[in-house]
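Both complexes below contain chain A, partnered by chain B and then by chain C.
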Partner chain A sequence: MTTHDEVDAVVVGVGAAGAVLVRKLTDAGWRVVGLDAGPHWDPQTDFLSDERAMSKLFWRDRRVTGGEDPIELAGNVTGKGVGGSTVHYSMYALRLHRSDFQTHTRDGVGSDWPLSYDDLEPYYDEVEHELGIAGPVDWPWDAPRRHRYPYRPHQLNGVGEVMARGCDALGITWRPGAIATLSAPKGDRPPCVYRGWCLSGCTTNAKSSTLVTYAKEAVRAGAEIRPDCMVHRVDTDATGRAIGVTYVRRSADGTVHEEQQRARVVIVSAYSIETPRLLLMSASSGHPDGLANSSGLVGKGLMIHGSDVVFGRFPEPVSQFKAPPPNTITQDFYETNSAHDFVRGYSIETVGPLPGKFAQLAASTLGLWGESLREFMYDYSHYAGLGLVGETQAQDSNGVRLSRDETDTFGLPIPVVTFSYAENDRRILEAGTDTQRRILEAAGAQTTFRVSDTAHLMGACRMGDDPATSVVDRNCRTWDVPGLYVCDGSVFVTSGASNPSLTIQAIAARTADQLIAAGRRDQL
Partner chain B sequence: MRESEGWEDRDRSLVLSRLHDIPALRFFSPAEAELLDAVVERLIPQPDRAPDHRVIITPFLDQLLFDDDTDGFRKDGMPWDQEVWRQAVVGIDQTSVARHGRGFVALDAREQDDVLSEVQSGEAQGAVWQELSSAAVFDKVVQEVVSVYYAHPSAWAEIGWPGPASRRGYMRTGYGQLDPWQPRESGSASSVELVEISEGGGSPSGSVGGTH
Partner chain C sequence: MFMKRSRRRLGRATAFSGGWSPPMRRLRTQLAVITTASTALLWLDNLSEHYRGGFERELMYVPILANPVVAAAGAVTAVTGGRRGGRLFGLLSAAQTAIAVVGFVEHQRGILKKPGGNQPRQLLFNAWYGPPVAAPLQYLGLGLMGVMATVPQSAAAPLLARIPVDRLMRAFTALNLPPLWAEIGYLHARGSFQNRAQWLPVVTLPLAGAMSALAATSDSRTARTAAQAASGWTALLGAAGTGFHLYGLHRRYGGYRRGSFLFNWLNGPPAPAPLQMIGLGLAGLAAERAVTRR
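Entry: the complex of A and B
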């Protein structure tokens, strides 16, 4: 087995969080290696304008999904390759609200975060600037922003105009979405040309995935990003300190061999399924229940967003396939409201699936096939869809465990994911989809239909102030294993009702600064 | 394909390969493929096209399963995709024999639709369906078939979608606005009545990504 010389940090997973960490630590003078299970894509040669061909961007290794409400995996929540799911995410770049960090204190549900909005605010600013987020002049929800979005908002598309018209009629506040694609040039990246292929990978580099931002800059700054490396164990020494990781590497000729990377600090940034899976797979005689798991909470408390979509048909062409699908948003229903029969809330956002996805959604939901399906699809460009981002509450019964009898192509136990909505989650789904339908009808929809869907992963290695009830502390350091950090969406304490990517990146940016400061004090 | 002049070379090559390089059968047996061809013919009927102009689907399903180019995940209680498709073929034939006394390929179109409706309902006759939800299997089959069909330029033309739009993109993005390179609509609005069903898979497959 090849063992690589010790570096300052090894980061497992170069996605939304990992790329930020690799870049910032490298900039601070650290020797950093980023390992990713998938390829290092070149968008200008590897990305096609084709829905089926681009499923290669998704994590499609074997997994089982169960519970009362099994969540959709693959394209809905996961990415494989440098950039992770930011390569195909919808690009809404939203901050959590202040209340999201204190749901226990304010609403009596969930737990409070060990961080506050104020702790993250400078990092939200930093990441928004780095990515070149395009957003409205004012953001009318939560407390006022200190700084404007760095780039002007994108023009409305047909779906955005429909949503705006419906919201205006009902007295609902809407704004152009804050999204991670350029509305003007930034460095060597051009602005968006409104192809509408964002969820299949951007070929113009306008989309601010971490592949073309943080990861690219990290390599320029001297970091090594090693693709096609599947980490299966965090290694510890006799004192219990993390000393590196062991992984299988797939070479260009298809052969597979095992390597080890030693590091002073190990950071796991593999997201809410693969991060707990790796910690659980790293069990040893000293850690029989998995690494960093003295709380028993590794793999527990997985959250998603209720993501049902309501589509409405309109008399004129909406051309839902034009421009980035994330176009307009409302967060009027985000906060707890005593008039509702639930606590916490939801956002509503435009969507714009391409024909293959739209046909699948309609066929599955409406039971259409035969002549009626083909005829239904003639109206593809007349539909406008609004998607829900409905908050869910962390439940320890939802999460990730290792299969007892099934393994992947490397012989590693596959993850089993379990999810069931709580009663409050379901009430949010019902109220949210009712609002979506009302907006579409107020805009003049001739007919509507609702599609069940799930998206986003949060939690499964949550942060906290108490080692008994959390896996990592406020700086993403595991309570149990010196030198081992977890930094990605799995540390979320609550889900909020905002797409999680920007918060994942802000936490990573803050964690990098904490690591750099701890390194100076020799307290890693 | 007239619109393809503005496309990237690699996009044009992929689409052309879909038209002209039909993969050989490697996963399904000839008998399985014959039955699936008959199923696909009812799920996506193409009476408006001459036989040599129809969108070909079964060989691409075969390719997906042989190469294990699938979503990779299965729902608890369901087998992996390869087994789902093998069981689908057996189960549809069993339902056919139970209802009409003959195998699926020997039935006329009306009888075939009757069998498929029963499989879709989740209450289908046949030993396979004692172990597996016929509604869930039907949903999986339909989703993959429509994904293949709507990846073909003939299907794009009929729904007014211009295809890859790379590198050109769009200029006129507002409600009711058309770019000059967008296909013009010919027909009138669909009169299909929309009824949400709770059977089947419920939520859609992740195979072509999420929505937001």
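Entry: the complex of A and C
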């Protein structure tokens, strides 16, 4: 087994959070190695305008999904390769609301975060600036922003106009969405040309995935990003301190061998399924239930967003495939409202599936196949879809555990993901889809149909102030294992009703600063 | 070259040249040249924008069709030093100002018609992606310049007796700059001033406008210098702006490559737009020069 010399930090998973950490730590003079299970893509040569082929961006390793409401595990939640799911995410770059950090105090549900919005605000600003987020001039929801979005909003596309029209008719506030694709040049990245293939990988680099932003800059700054490395164990020494990771590396010729990377600090940024899986797989005699799991909460409290889509058919073509599918948003229903029969709330955003995905949704929801599906698809351009981001509450029964009998190609136990909606989650789904339908009808939809869907992962290694009820502290340091950090969406305490990527990145940017400061004090 | 020839034929006074002093005749020819060139270049800009807008309304064809006729009459006037086509050019230029006013009104209506048009907070967003607010006013400016280049001496005399032509031109420049400034300002804001040079016209055009306006009230030597500086700077901005816009096209995906060029031309920084500032600046300089020679 090859053992690499000790570096200052090894980051497992170079995605939304990992790439931010690798770059920021490298900029601070650390020697950093980023390991990613997937390839290091070159968007200009590796990405095609082919929906099916581009599903290679998803994490498609074998997994089991279960519970009363099994979630979709491929495209909507995970990515494989440097950049992670930011390579194919829908680019909404939203902040959590202030209330999201205190749902227990305010609404009596969930738990309060150990961080407040004010702790994250400077990092939201920083990350938005680094990515070049294009957003509206004013953000009418939650408390006012300190700074404007660095780039101006994109124009409305067909679906955006439908949503704006419907919202205007119903008196609902809408804005062009805040999204991570450029509306004007930034450095060597060009503005978006509205190809509409964002969810299959952007070929122009206008999309601010961490692949073409943080990860690229990290490599330029001297970091090493090692692709095709599947980490399966966090190594600890006799004192219980994390000293590195062991992984299997797939070479260009297809051969696989095991390597070890030593590091002063190990940061796991593999998202809400693979992060708990790795901690659980790293169980040893000293940590029989998995690393950092004295609370028993590793893998528990997984949250998602109820993201049912309602499609409406319009007499005139809407061309839902044109321009970035994330386009227009309302957060009028985000906060707890005593008039509702639920607490917390939801956001409504436009979607724009490409024909393959749309056909798949229609086929599975409406039971169409063959001739009937083909008839239906002739009208593809006439449909506009609105998606929901419905908050869910963390439940310990939802989560990730290791399969007892099934293993993957590396012989590692596969993850079993269980999810069931709580009653409040379901009420949000019902109310949200009803609002989506009303907006479409107010805009002139002739018929509508609803598609069940889920998106995003949050939680499963939550942060907190008490080692008994959380896995990591407010700085993402695991309570149990010195030198081991968890920094990604799995540290979320509540899900909010905002797409999580920007918050993941803000937490990563903050964690990097905390690490740099701790390093100076020699308290890593 | 044609200047010399026109001087040789002074004897053959026409409605166009009749009664004008030689420097004024030269100025009028220069104005005709500048107006014609600016109109032709505006056509390119106008065509690109209306094509991008898919000629959604038939009215959008009007300036596209009218412009070449005006430009052709202007070209004849310019080339013949005003001996031919002057009157027609003048009439067409007057008509063009009417088209400009209709266009201006229609552009505002187009913006207000967009979703959220009843909410003041959405106005800027709708203007960013709607028909450009002040663009039709460029036709108004060029129309007036066409009239200035062709108006008979008898009609212009009462006005020119009270206000000399250089001061008149300074006022004209001062009036042209605010809409130009507003348009550049809000469109550069859409690009979020990603290149610091985008601030240049936004910061300096008001100064140029103010200098021209002040200079319009005085005959002093200082006023002349200020007006020359303002016009010279406006022309310089136009040249630099064109350069930056051409560079901006290069920065877009695909840049000047054949498959991408048309798309980038239509959606990128409008390359012919800053050229209008060169025309305005040169017209101002020409007016100052005409009076120096008197």
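Rule of thumb we're sticking to: the second predicted complex is superposed on the first by the 524 of 524 C-alpha atoms of A that agree within 3 Å, B and C clash if a C-alpha of one lies under 4 Å from a C-alpha of the other, contacts with A are read in each partner's own complex, and residues count from 1 in each chain.
Note that in this section a residue touches a chain if its C-beta (ideal position, glycine included) is under 8 Å from a C-beta of that chain, and two chains touch if they have at least 3 such contacts.
Because the structure is a prediction, the values reported are computed rather than measured.
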Combined model on chain A: chain C and chain B, fit or clash: fit
First (chain B), second (chain C), both or neither touched by A:P191: second
Three-chain overlay, vertex chain A: chain B-chain C angle, C-alpha, nearest 10 degrees: 90
Which superposed partner A:W59 touches (first chain B, second chain C, both, neither): first
Touching partner for A:W174 - first (chain B), second (chain C), both, neither: second
First, second, both or neither for A:P70, with chain B first and chain C second: first
First (chain B), second (chain C), both or neither touched by A:H129: neither
Partner chain(s) touched by A:T204 [first = chain B, second = chain C, both, neither]: both
Chain B versus chain C as contact partner of A:L156, first or second or both or neither: both
Which of chain B and chain C A:V137 touches, first, second, both or neither: second
Per-residue contact with chain A, leading partner among chain C and chain B: B
Contacts of A:H104 with chain B and chain C, given as first, second, both or neither: neither
Superposed arrangement (fit on chain A Cα atoms) - minimum chain B/chain C Cα distance in Å: 6
Doubly contacted residues of chain A, that is, touched by chain B and again by chain C: 155-156, 161, 193, 204
Chain A partner contacts - residues on chain B that touch it in the complex: 7-8, 10-11, 14-15, 42-45, 69-77, 80, 113, 116, 120, 139, 142-143, 146-151, 155-156, 158-161, 163-171, 173-178, 182, 185, 187, 189-192, 194-197, 199-212
Of all residues in chain C, those that touch chain A in their complex: 115-116, 118, 121, 124-125, 128-129, 189-192, 194-195, 248, 251-254, 263, 267
In the complex with chain C, residue positions of chain A that touch it: 136-138, 150-153, 155-156, 161, 164-165, 168, 174, 176, 183-186, 190-191, 193, 204-206
Contacting residues of chain A [partner chain B, same complex]: 45, 48-55, 58-67, 70, 72-77, 88, 90, 92, 155-158, 161-162, 192-197, 199-200, 203-204, 307, 309, 313-319, 321-323, 325-326, 349-357, 359-361, 363-382, 385, 387, 389, 416, 446-447, 449-455, 499
